[in-house]
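Input: one structure, supplied below.
Which chain is which? They are A, B, C and D, in the order written, and residues in each are numbered from 1.
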Amino acid sequence: MIAPDYGKTFALWREGAAGAWQDYTRHAFVEGLRDGSLPREAFVQYLIQDYVFLVHFSRAWSLAVVKSEALEEMKVCAATVDALVNHEMSLHVSVCATEGIDEATLFNATEAVENLAYTRYVLDAGLQGDFLDLMAALAPCVMGYGEIGLRLAESKAPDTPYADWINTYADPGYQSVCASVGSMIDGAVARRIGDLATSPRVNALQDRFSMATTLEVGFWQMGLNTQ
Amino acid sequence: MIAPDYGKTFALWREGAAGAWQDYTRHAFVEGLRDGSLPREAFVQYLIQDYVFLVHFSRAWSLAVVKSEALEEMKVCAATVDALVNHEMSLHVSVCATEGIDEATLFNATEAVENLAYTRYVLDAGLQGDFLDLMAALAPCVMGYGEIGLRLAESKAPDTPYADWINTYADPGYQSVCASVGSMIDGAVARRIGDLATSPRVNALQDRFSMATTLEVGFWQMGLNTQ
Amino acid sequence: MIAPDYGKTFALWREGAAGAWQDYTRHAFVEGLRDGSLPREAFVQYLIQDYVFLVHFSRAWSLAVVKSEALEEMKVCAATVDALVNHEMSLHVSVCATEGIDEATLFNATEAVENLAYTRYVLDAGLQGDFLDLMAALAPCVMGYGEIGLRLAESKAPDTPYADWINTYADPGYQSVCASVGSMIDGAVARRIGDLATSPRVNALQDRFSMATTLEVGFWQMGLNTQ
Amino acid sequence: MIAPDYGKTFALWREGAAGAWQDYTRHAFVEGLRDGSLPREAFVQYLIQDYVFLVHFSRAWSLAVVKSEALEEMKVCAATVDALVNHEMSLHVSVCATEGIDEATLFNATEAVENLAYTRYVLDAGLQGDFLDLMAALAPCVMGYGEIGLRLAESKAPDTPYADWINTYADPGYQSVCASVGSMIDGAVARRIGDLATSPRVNALQDRFSMATTLEVGFWQMGLNTQ
């Protein structure tokens, strides 16, 4: 499968993350969603952690609004916060509700260290650096899920019980979020750097993206370990 | 006119700000909107500054999402960011468009020092303190405009050219924002403090609210001075 | 051994962390320092990670200066940054230099996830909450090392090669840092809360302290796992 | 007088600020310090405001430690916090003590809006942008006072009562702070941008420096207005 087009900065970062990107987007947990072999219990535990992840990930996207320096940046980031808080988190709430887990329980669930490590790393990227440092740390989750969703929609087992999850990320609505975030990041790079490949920041930004990708691998692994 | 009911914390803070609250909500600029005597040029200059104000005020509400510690806080603040970026700012854009001023010009307008002082004070309240410090600094603008809108809707001159502005804030939609923000602040106080009046923080939070109110007075004055 | 007197807030938090505090201060890694059985390689790998830890821990203490609201808070936190950057980190630099590892290598070492999780959690406690949220997350490291240093100074094997490390934290200079931080925290609680035990914040602050303590356990375990 | 050598980035920013830099460094308040004509009362009121300025300016330099990405950056910024909190602020405390104003009174003095506007703008530059955005906003105060100190030391009236103030900033110790900050900024530019003059960020960083310079002019003017 061809990598989806989420902008040229993402393409550069994705290529730079190399093995870690493969480990993330083709993790055994992902394969379990695709072929349906992932135990229900592991999926529910993952959803609980992912709900708390989204709480802090929404905080990080809100920090991106704080750090915006252009109207386009502010609008895309504010829309992403809205999409996360009012839509993506709802999927988790409704699935967990069928398991008898209410939203207050989700909000107060104890975070696994792999979960906490990831979101706090992203938030600190925003505190320490600028808008682009934060974007490099936010991109792997947003775009990786888009890429996984597309691939799994094409290749999933007809009877996988995780079709709803897959469709959430394969959905044109979610894909257009990835495309608009990618395009906005390209604009943010043009505005602050110009040519990323020859910038002194190229390695530091790649490190942010690659570290966040590695933390995604740890997140899937945590999901598997709880089964 | 009775003060509108925007929660008990707001009522306490409003009373504590005393003269400054009167200076703000009954400023000569406000009276000029009410009776229509405010020169158009002053209004347009005010709108330009207020647009830039809203950019940074949206950043401050986004910082409130970053600082949320309860689901209700996160949802109300994220909704407020959306209301600001996607609705309130649009009023400014459309009015300024009729004057031949486009949104890019608004976004890049040079801030007056009275404007800059206010929004950066609010943002720093969030950086230095907790969610409540930020709320105390955000409340005067949100609720003061609600109170001004209600009063002016009842008492405005029939031919004031500023009826649209007045209706924006008298509108039930805006009033329900004030009520839900006020209720959410009451919850945030209960969650962190309990009884505000007997808390060691009572003075520090009042100082935040009162300083932001004083900065509102300066903002109106700046609007008058540009005519 | 009686717990050292680092203030009444610390005493409350330490008691509230219960088992986690024991797991941290009596971890097998600590016992290996005491009796000298810890392999040199594990110690060096720990020092490298701990150097990077101190970089971000210094950033967190600097954030505490940003969040100070009293002169005493600002002075104690600024002095702690100075002690960390100009003294405690020097110990790591000199020991690592004897192993042929220079400071630039230390500064750029890749962080283990257990390391990153801890410091970014602390930094985010400061971004999300107020000065006390940050203090609750900073205290376990500062005071735990003080308590470990005191206990090991009394009970260490005469020939442990880790006497310098132990003395660094048993040293009256380090002990007085713990005492002054503890006293400053008591003042910060009085200034913002009054009686902590009956405050609505008691659980949230305990959770910060307990989570940081748990992350300390993970840090020692990482040190053991690298041998 | 030749501009002092505080690095090539500062030289570029200083030139870019043009008239505002002149207005700041040759303000009537500065001339009053030089020839001794500044009324004592104006000087004392200025010192009170400047003490509160230094509180928040120290917070901003601490934020610079939080935002450091290189060892040199961290060390220079931590040393600057120490110099501000433990040295420069002491001058204010001792002068004000002779006027019967103690340090607690200074710490709690109400900020003039010109004062508040400046420090909160600087702090927000750090929250919104990266280390360089913060440096561009911090530089005018640090280096401008160095330049003023040098010029006034050469040209001051023999009997000006403000010789101590002038010597504080003409002092080789303060001059070496300016030189090391300037050199560190040059390194920070090399690390993140390369050639500043051809970078897409050149205007945004100049705007930060120029706005902070303009806010310095307002600060002097506030000092004059209180006489």
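Here are some notes:
Assume a contact is a pair of C-beta atoms (placed from the backbone, for glycine too) under 8 Å apart; a residue touches a chain by one contact, two chains touch by 3 or more.
Everything numeric in this text was worked out from a predicted model, so none of it was measured.
Annotation of chain B and chain D: jointly contacted by A, C, touch as defined at the top. Ranking C-D and A-C by contacting C-beta pairs places C-D first. Note that among the pairs B-D, B-C or C-D, C-D reproduces the A-B interface, with over half of its contact pairs the same by residue number.
For the pair chain A and chain D, the distance between mean C-alpha positions equals 42 Å. Each chain gets a centre from the mean of its Cα atoms; for chain C and chain D, those two points are 34 Å apart. Taking each chain's centre as the average of its CA atoms, chain A and chain C sit 32 Å apart.
The multi-chain contact residues of chain C, meaning those touching 2 or more other chains, are 59, 66, 123, 127-128. If touching chains are joined by edges, the resulting network of the protein chains shown connects every chain directly with every other.
The residues of chain B lying in touch with chain A in their complex are 55, 58-60, 62-63, 65-66, 68, 70-71, 74-75, 77-78, 81-82, 85-86, 103-104, 107, 123.
Contact residues on chain C toward chain A in their complex (touch as defined above): 59, 113-114, 116-117, 120-121, 123-124, 127-128, 211, 215, 218.
Contact residues of chain A toward chain D in the complex are 66-67, 69, 127-131, 133, 190-194, 199-201, 204.
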